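Mind having a look at this structure? Questions to follow.
Residue numbering begins at 1 within each chain, and the chains themselves are lettered A, B and C in the order written.
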Amino acid sequence: MRNTANETALTPVSGKGQPMKTFAVGSAALLLAAVLTAQAQPSNLEKGARTMQSMNDVRAVAPALEQYGQTLLMDGVWKRPDLSPRDRSIVTLAALIARNQSTDMPYHLDLALDHGIRPGEISEMITHLAFYAGWGNAMTAVAAAKDVFARRKIRADQLPPAAANLLPLDEAAEAQRAAGVEKNFGAVAPGVVQYTSDVLFRDLWLRPGLAPRDRSLVTVSSLIASGQSAQIPYHLNRAMDNGLTRAEAAEVLTHLAFYAGWPNIFSALPVANEVFDKRPAQGAPK
Amino acid sequence: MRNTANETALTPVSGKGQPMKTFAVGSAALLLAAVLTAQAQPSNLEKGARTMQSMNDVRAVAPALEQYGQTLLMDGVWKRPDLSPRDRSIVTLAALIARNQSTDMPYHLDLALDHGIRPGEISEMITHLAFYAGWGNAMTAVAAAKDVFARRKIRADQLPPAAANLLPLDEAAEAQRAAGVEKNFGAVAPGVVQYTSDVLFRDLWLRPGLAPRDRSLVTVSSLIASGQSAQIPYHLNRAMDNGLTRAEAAEVLTHLAFYAGWPNIFSALPVANEVFDKRPAQGAPK
Amino acid sequence: MRNTANETALTPVSGKGQPMKTFAVGSAALLLAAVLTAQAQPSNLEKGARTMQSMNDVRAVAPALEQYGQTLLMDGVWKRPDLSPRDRSIVTLAALIARNQSTDMPYHLDLALDHGIRPGEISEMITHLAFYAGWGNAMTAVAAAKDVFARRKIRADQLPPAAANLLPLDEAAEAQRAAGVEKNFGAVAPGVVQYTSDVLFRDLWLRPGLAPRDRSLVTVSSLIASGQSAQIPYHLNRAMDNGLTRAEAAEVLTHLAFYAGWPNIFSALPVANEVFDKRPAQGAPK
């Protein structure tokens, strides 16, 4: 399987000159499609123009980087099996927000919506990361998403309301988690312990606008992308409890190597290894 | 001396309710001054408009986040006892600068000035963080502060001069610190060791424009906010020697959970725990 | 098979003509516009004006910081022996890109070119850091470099092509490295392991547009600047194998204290110490 995955990922579009041609044809088709399907829709035209501009910018500075971006990333990594394009968009957006990288956000917000992520899910991702990556990161993401939402005419009624009917809480698991944190840190910073229960685990995590498995995927991606190794074990286990498979988790690491940089991934690998080792065999779903 | 510096720095405006009142009075005075000195004063109008716009932006992307921001943060965390609004502004600004988060800087620079932080203190914070967070971070902060200072008509004579009469140095403590660093790293990178003494501890830390306790608060906040756990023990101890109480330190952690993200705080908690444990009981002031 | 896939995937487009032509047209328009609007070299005037503006900005917020910048940094650190201005520019740019600090990039891109770094080397640095610091960081650097390149009329034919004749590989050393990684992480995330061999060590590192010693300097600077201590030993050793002297390495740490902040350097010092200790004496070059 490893070899197959590898082959698919690395086998290029075809002969040497092709990738570029493909890109040019693809772009033309995209623009044409935009014109045909949507009259008023300036958004897709703009988006096509922006993507083109962005490609031109990369080429004007680093032709090799532009080619890596096309053949290795978009035609390679993003098409590997074991993690859907939708999941890859969640992982990428979480990494960009966790790393406060505004430059690439508009492109990946568009791509995420194209991959079927709902505006409301992006809204919840940003809200979630306000707590897991920091308030300022969420504000940077808001600034980028606002423009994309406006351009794509996303309306307020497509977004989850502030007040939501929360998902049911697993009281036993939460009591155990809270007891551990209280024991370790209750005397150090009681405010943190209190907010962790009240706001994070009894509110934020129970908001229905983002599936718990996706919320975990966002959290784990953010932790890996910002080098927070110490917090990975709890959340990687939680993610797998919430339905992330081991193969998917491995692909999250592979995908993030490109978006969070190799060193963050090599720091996460031994931690992930230990988590995988300690879990029951994949056959017995948990 | 340590206690004196501490007292001046820490003596709150007075009882609990006061800071707010002071704030209200300060705001009124500010508005009056604004009306008197500037006829049209677009600055405050602009500021209000910008804050409103910012709220609208958040609501347009994540209504839940906007509500958390209002009820949980501004009406909640910021009003908790044990850390004054002024201190919370110092902590927040330090975190934003340490994390190079330009999006939120204008808002928090205004809030800091509204909370009574002097322009000269902001100037010193940025200068201090050039060394503790990196030169580029300071440049980003300069770009944001320049606009806020210009809008609020802050004049050059309100800023600390480059050349200042330094505070007295605790020669014994500094000799001990320097000896430790020289022993550990003198053979690895003598330049670093030399600059650490000459520029940081015999110059920067002695600049009078920011009280040592506040300088420590800036340093500790920056370390926590950028996940630099290894440097926390020395500087948290120094901060407490400089007058930061344990209750305040706990609130710094609580406040930063929101502005630096939960994972950074959970990495700092065990380190803070150890520092707290090893210090003499709070009753016996140090 | 692995090698085949690798080779095909990475063998770049042969027909370089196409993309370049597009770029050439864009460049021509740009050049024309430049010629039409500005008769005499606006670039240096602009550059001087921008530097002046930037100094004015710093002075308007923090006069002390402006003075530190002039006397301590530009007239001090940058002129220290043991590391050339060219190397210092490589180190500084790597730190800025690794930390995604766009504010200071234009100034330091200009300074790097003034210090004799070729545009093609900057192009390769950005491409290299796409993998070692993350794709988004490279995109931010592209945005800054594009403007600087355009202003300085740097042409496409000054940049390394996507397809390059790779430097020879030290097969024995690479086999050893790959075996270690495969053993440790092959079962955790096979994709990461595969890409590390195929893309990083059998392609990126062998691109001829940046000398291996400089590529190592970029990597080590990026690791130190982003606090990635765990990855420093391998790459600092590799840098010294590639020709970086111990005195230069010490100056890299000293220089980065200013550009990455003191805490990152104090975290790197014990790691560097251990690397230095374990290497053969400087007299016996390796």
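The rule is simple: a contact is a pair of C-beta atoms (placed from the backbone, for glycine too) under 8 Å apart; a residue touches a chain by one contact, two chains touch by 3 or more.
Because the structure is a prediction, the values reported are computed rather than measured.
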A correct list of chains touching both chain A and chain B reads C
Taking all residue numbers at the chain B/chain C interface, are over half used by both copies (same) or under half (different)? different
Identity of the chain that, by mean CA position, is farthest from chain A: B
In whole angstrom, how far does the Cα centroid of chain B sit from the Cα centroid of chain C? 32
Centroid spacing, where centroids are CA-atom means, of chain A and chain C in whole angstrom: 27
Where in chain C do residues touch two or more other chains at once? 100, 227
Note which residues of chain A are touching chain C in the complex, please. 2-3, 5-7, 9-12, 16-21, 24, 54, 56-69, 71-73, 76, 80, 95-96, 99-101, 103-104, 225, 227, 250-251, 253-254, 257-267, 269-270, 272-273, 276
Residues of chain B touching chain C in the complex: 100, 102, 122-124, 126-127, 130-143, 145-146, 149-150, 156, 159-164, 184-185, 187-192, 195-196, 199-200, 207, 222-223, 226-228, 230-231
